[in-house]
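Okay, so chain A shows up in both of these, paired with chain B first and chain C after.
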Partner chain A sequence: MQESRLIVVKRRLTVKWEDFVLAIRLLERAQIWIAILLLPLAAFMLLPLVYLFNHAFKPLHELFLFPPTFIVREPTTSNFAELLALSESTIVPVSRYIFNSIVVTFLSTVAMVVTSAMCAYPLSKHPFPGSKIVLGLIMLALLFATEAVAIPRFIVIQSLGIMNTYLGHVLPLVALPVGVFLLKQFMDQIPNDLMEAAKIDGAREFTIFMRIVIPLVQPAIATISILAFQSAWGNTETSTLFMQEDAMKTLPFYMSTLTSGLANSVARQGAAAAGALIMFIPSLVVFIVSQRKVIATMAHSGIK
Partner chain B sequence: MTGNATALSDKQSSAPAVGTKSSVSQRIHGLMTEMWKYRLSYAFIFPFMAMFIIFILIPVVAGVLLSFTYFNAFDFPTWRGWLNYQNLFSQDVVFLQHVLPNSFKFAVFVGPVGYILAFLLAWLISQLPSTLRTWYALAMYAPSLSAGVAMTVVWTVMFTGDRSGYINSFLLKWGIIDKPVYLLIDQDYLLNIMIVISIWSSMGIGFLAILAGILNVDKQLYEAGKIDGISSRLQEVWYITVPMMKPQMMFAAIMSIVHTIKSGGIGVQLSGSNPTPNYAGQLLLDHISDYGFIRFELGYASAISIFVLLLCYVLSKFFGFLFAPKEDE
Partner chain C sequence: MAGKRILSARTSRKLEGTLFMAPWLIGFIAFLGFPLLFSLYMSFHQVKILPKRIVYDFVGLKYYQEILFNSSALYDQLIPYFQEVVIMVPVIVIFALMIAIMLNQKLPGRFVFRAIFFLPVIFSTGAVLMSFMNQGEGNLSFLERYNVGGYIDMFLGDNSWAKPVKQVMNHFVLVLWYSGVQILLFIAGLQTISSSAYESARIDGATPWEVFWKITLPAMSPFILLNLIYTVVDMFTFPSNPVITLISTGNYGYNSAMAWIYFLIILAFLGFVILLYGRINRKYAKSDRG
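And then the complex of A and B:
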C-alpha cells in the first residue's frame, strides 16, 4: 500500500522534472540570469528546512559530531522512537498532545472557514444596514495582533468558564478577520446577475450560498483553509494561557517545553528535532496541495 | 447580548441615510423594517460576529479600560488614570533603554527592509516562466509555513555557542574567529539573529499578494508605456507596476506590520528566558508578557498593549496614505 503510494509520488516528481527541463530550454537570456541570481537565495531560504529534515533522522552520535554535518549519513528513526519513549515516563504521553492538536486544528479550521464564508457573503452581496460598520471593524482588526491583548482575552475566557476545555482552544481562534476579508474580496467578483437569476428561479438565500457562491469561491476557500490551518496548528497561545491541565495542551506547547533551554543542554535534541518535523510536514503538505488556488486568490487581496 | 450590540451600532450608522426629513420614530420604524428585510443577512454574519465581539472587540475595549487601572489579577482593579502611561514613558528604564530601541531596530529591518525585499523577489520571480515561477515562489513561501516553535530546534542548533554549532564551526574553519561565540546569549548578536530569522520567515501571504498583483497587471499597459517613452525596466516598475497594484501593496503592508509585531516573541524562544539576557532581544510583546504573566501587573501590561495597538494603527494609516488611489486613477 505504502509502496504503491511511493511509486505514484515518484511518477509525479519525474513528470515535474521533465516540465522543468522543458521550461529551462524555453528561457530567454534575461530570465536565465534571474533564475541563476535567485538560485542561491532559494537555497538559503530552503536550507534550514532541508536541515530540519536531515536532523530529525540523524542517529545520536551524528547530532553532536564535530565538524557538524549537514546531510544525514545513516538515517534512522530512533529520534521518533525517543520522542514517544520520552513521554512514557511522564504523566501525559506525546500521543495525547498530538491527538489534542489534531482535534483542535480540525475543529477550528472548519469553524474558521465556515464562519468566515458565512460572514463574507452578506458583506459582499447584501447592502444591509450596518454592513459598512461591520466591514470597517473587520478591516481594522486585520492589523491587530491578538497577542497584544492576551490579558483581557484571558479574563474573557476565564469568565466564560471554558478553560481546560476544547472550546477554550477553538473559540478564541474562530474570528479570523483575514479570512472574511479575502473571501469578501473574492465574492465581489461574482456577478450579481447570477444571484438574481437564481432568485427568479425560486432559490432561497441558503441555496444560493451553498450552490452558487461557495463553488465559485473555491480558490479563496482553499487559501483561507491554509491560513486557518496554520494559525491553529502552530498556536501556543491557547495552551499556555487558557489550559492549566497538561492533558489539554497541544503539540506546539509540548515542543516549546522541549526546546526551552535547548541552547544550553544536549539532552532531548533528537526528540526535539523529530517533533519539529512532525510540526512542519502537515503545513507543507497542505500548502503544496493547494498552492495554485492560493496564488489565484491573492490577486484579489487588494485593499482599496 | 452580542446581537444587541450590533443592532445598536447599526442604528447609529444608517439612521441618517433613511429619509432625513421624517421624524425620529418614523426613521427608527423605517430602519427596523429595513433590518427585518435583511434578517437573513444578520443570521449569516452572526456566528462570526459573535466570536469577533467576544474574543477581539471586548478584549480590546477591556484592554483600554484596564490600562488606566492597577490590577494584579486577584483584587478588583483600582483606577489610576494616566499613571500607567506616565510611568511607561518616564519611569520604565527597561522600556526606554532596551525595549523601544530594540523594537525600533527590529521593526525597521523586518518591516520596510523585509517589505522591499519581498517586492524585489516577487518582481524577479514574476519575470520567470510559469513552471519555474511556481518552484521559486514555493521556495520563498515555505519558510513562513514553519511554525515558530518548531524552528527553534533548528536555530538553536545552528547558532549554538560551542563549536558544534554550524555557524561557529563554519567561522572557525575559515579562521574568521578563533574561539566559539555564544551567539544566542551574547547581547551583541541576539537581536541581529532575530532580525535575520524574522526576515527569513516573512515571505508569507503578503509576498504572495504582491506576486499575484504583479502577475495581474495588464500586459497591454507595458506596450502602451513603451510607446509613451518608457525606456527601462526600472521606469516600468515605478510608473506602471507599482501604481497598478497599490491595493495589493497595501494588503502586504498590513500583513508585514502584523508579522513584525507577532515575530516579537522569537528572542525569548531563542535565548530560552524572559527577560532575554541583558534585555538584548527584549521587544514589545516580551515586555507585555514579562509584566502581564510574570510580574502580574496586568494594568501596566495593558497600557503597553494599547501602545502597541495604537502604533499599528498609526503605521497602517501611514501606509494607507502612501498607497491611497489618487483621484484620477
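And then the complex of A and C:
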C-alpha cells in the first residue's frame, strides 16, 4: 500500500521534472549559463538597496553593531519617530524644505536636459568654425573639480542678484558637461541621410531636432535625466553657499545638518538612517520610471 | 536677388544654431568658464576674506612651488589613488563590456537583470557607497579566508604595486557598483550593431568567439573609448576621492593652485589613455587586414 503510493509520488515528480527539462531545452543552453552567472552578481548589486532599507528600521543598538548586519533583527519605526520629533522642533517647517527641494529639482532637471540636448545638436550635426574648441572646452570642464570654484560662483550669483531665490539654486547646475558630452556621442551615431531626407521634405531645424534627433537619442536622454536628477536632488552646495535664509534651503541640506556639525557621531544616527531612506526613495522612483526608456531598444528607431 | 536669399538662408541657419546653443553656453560661461578662469587668477594670489570685501595679494608661483616641491601632501594622496585608478579603469571597462554583452542576449528575465545592473547609477553619487566603504562592506571576506593576499604578495613581491592590486581585488564589489553608467552606455552601443551582421556570420560558420573579435569588438570601439574617458573622469572627480578632499581644505589661493595642478595631471593621464587606445586600435585594425 505504502509502496504503491510512493511510486505514484515518484511518477508525479518525474513528470514534472521532464516538463522542466523540456522548458529549459526551449531556451538556449548558453543563455541559461549566462543567467546563472549573472544571478549572484545581481544579488551583489541589490545589496546597497537591502542595506539602506534595513538600516532605517534598525533600533539604536543594532545601528552600531560591528561587523554591520544587512538584515534588521528587531525592526522598529523609532527612527522615523525621532526624525519627526526633530523636524517639529525646527523654526522652518520641514514641509518647506521638501517643497523647495521638489521645485528646485524639477526645474533644474528639466533645464539641464533641455539645454544639454540643444547644445549637443549643433555640435554634433552642424559643425561650425570653432565647434571643436567649444567641445574641447566642455571636455576640459568635465575634468575640473568643481570644489575649487566656490568663491567665483558666489561672486557671480551675488552680482546677478539671485541670492536667496530659486534661480540661485537652479542656474549654477544648468551647465552639465556630462550631459552635452554623452548626448553628442549618441547624436554622432545618427545617420546624416535621415536628416537630409527630412530637410528635403521641408523640415526646419527645430522640427528635425524635435521629431528626429530627440526620439532617436531617447536612451541617452533618459540616462542624462537620471544623472541630472541625482545631481540636483542631492545637492547641498547651493543651499550652503548661496542661500542665507533658512526658508530657501533644501531637504538634503537639512538632512546633512542632522548628523554633521555634531561633536560625536552617535547622536541622531537613527534619524539620519531614516532620513537617508527618505532621501533615497525619490531617486529610486525616478530611476524605475526612466530606466524603461533606457532599456527600450534602438531597434525600431531607424539607427540600424 | 537670388544671391541675397541664399545669404539670408545661410545666416538664418547660423542664427538658429547659435540660438540652440545659447542657453547652455551662457550657463556654462557664467558658472563654469568664468569661475575656472577666476580660480586660475586666485591661484596666484593670497585670498583674504574681509567682512566687506575680498582682498587679493599677488604671490606669484608661491603656492605652486609649495605644493610641488615643498610638501608631500599631494604626493601622499595622489600616488596610491593613482595606482588604484590605473588598475580600476580597465577592470571596470572590461567588466562592463562583459556584462553588457550578456545582458544583450535573449535571457530569461533580462529586463529585470538590466534594471538591476543599472541600479548603481543612482548609488554612485549618493552617500550609500560612502557608508559602505567606511564600514568595510566593500571587502570580500573570501579573500581573507583563502589568503589570496598572501599569494599576491608572493607573486608580485613586495613592490609598491602589490597593495593597489590587493585593494582592487578587495573592492571587487565596488567595481560592480561603479559600472552602472558604463554598462548602460555599452548596451546602447551594442544595440547599434545590426542583427544581420550576426546572422551572416553565423551562416558563414563563425564561432561565438570569432564573432566577438571580428564583429562586436570593432563595432564597440567608439563606445569603449567613450567609456574609458567617462571612467577616468568619474574616478578622478569622485567627491570622496582623497585629492578632492585635499582641494576643499585650506586657503583659497592654495586650493585653486592645487585644483589646477590636479586638473593638469588628469588631463595628461587622459591624453595618455586616448593616445594608447588609438595606437592599440590602429594596430588591431592593421593586423585584422593582414
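Keep this in mind: the second predicted complex is superposed on the first by the 207 of 304 C-alpha atoms of A that agree within 3 Å, B and C clash if a C-alpha of one lies under 4 Å from a C-alpha of the other, contacts with A are read in each partner's own complex, and residues count from 1 in each chain.
In this text, contacts are C-beta pairs under 8 Å (C-beta built on N, C-alpha and C of every residue); 3 or more make two chains touch, one makes a residue touch a chain.
A quick note: this is a predicted structure, and the numbers were derived from the prediction, not measured.
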| item | value |
| --- | --- |
| Partner, of chain C and chain B, that touches more residues belonging to chain A | B |
| First, second, both or neither for A:S283, with chain B first and chain C second | both |
| Contacts of A:A220 with chain B and chain C, given as first, second, both or neither | second |
| Touched partner set for A:Q31, first chain B, second chain C, both or neither | both |
| First (chain B), second (chain C), both or neither touched by A:T236 | first |
| Which of chain B and chain C A:Q189 touches, first, second, both or neither | second |
| First (chain B), second (chain C), both or neither touched by A:Q269 | first |
| First (chain B), second (chain C), both or neither touched by A:P48 | both |
| Touching both chain C and chain B, counted on chain A across the two superposed complexes | 27, 30-31, 34-35, 37-38, 41-42, 45-46, 48-49, 51-52, 67-68, 114-116, 118-119, 121-123, 126, 128, 134, 137-138, 140-149, 151-153, 155-156, 160, 171-172, 174-175, 177-178, 180, 205, 209, 223, 227, 230, 234, 276, 280, 283-284, 287-288, 291, 294-295, 297-299, 303-304 |
| Parts of chain B lying in touch with chain A, wherever the complex brings them together | 6-7, 9-11, 13-14, 17, 31, 34-35, 38, 40-42, 44-45, 47-49, 51-52, 54-60, 62-63, 66, 121, 124-125, 127-132, 134-143, 145-161, 163-166, 169, 173, 184-185, 200, 203, 205, 208-209, 211-213, 215-216, 245-248, 250-251, 254, 257-258, 261-262, 264-265, 269-272, 285, 288-289, 292-293, 298, 301-302, 305, 308-309, 312-313, 316, 325 |
| Chain A residues within the chain B interface of the complex | 19-20, 22-24, 26-27, 30-31, 34-35, 37-38, 41-42, 45-46, 48-49, 51-52, 55, 64-68, 70, 114-116, 118-119, 121-123, 126, 128-134, 137-138, 140-153, 155-156, 160, 171-172, 174-175, 177-178, 180, 205, 209, 223, 227, 230, 233-234, 236, 241, 252, 255-256, 258-264, 269, 272-273, 275-277, 279-280, 283-284, 287-288, 291-292, 294-299, 301-304 |
| Complex interface listing, chain A residues touching chain C | 27-28, 30-32, 34-35, 37-38, 41-42, 44-49, 51-52, 67-68, 114-116, 118-119, 121-123, 126, 128, 134, 137-138, 140-149, 151-153, 155-156, 160, 171-172, 174-175, 177-178, 180, 182, 185-186, 189, 205-206, 209, 219-220, 223, 226-227, 230-231, 234, 276, 280, 283-284, 286-288, 291, 294-295, 297-299, 303-304 |
| Residue ranges of chain C in contact with chain A within the complex | 13-14, 16-17, 20-21, 23-25, 27-28, 30-36, 38-39, 42, 47, 54, 99, 102-103, 105-109, 111, 113-123, 125-129, 132, 135-137, 173, 176-177, 181, 184-185, 188, 191-192, 194-195, 208, 222, 226, 230, 233, 236-237, 239, 244, 247-248, 252, 255-256, 258-260, 262-263, 266-267, 270 |
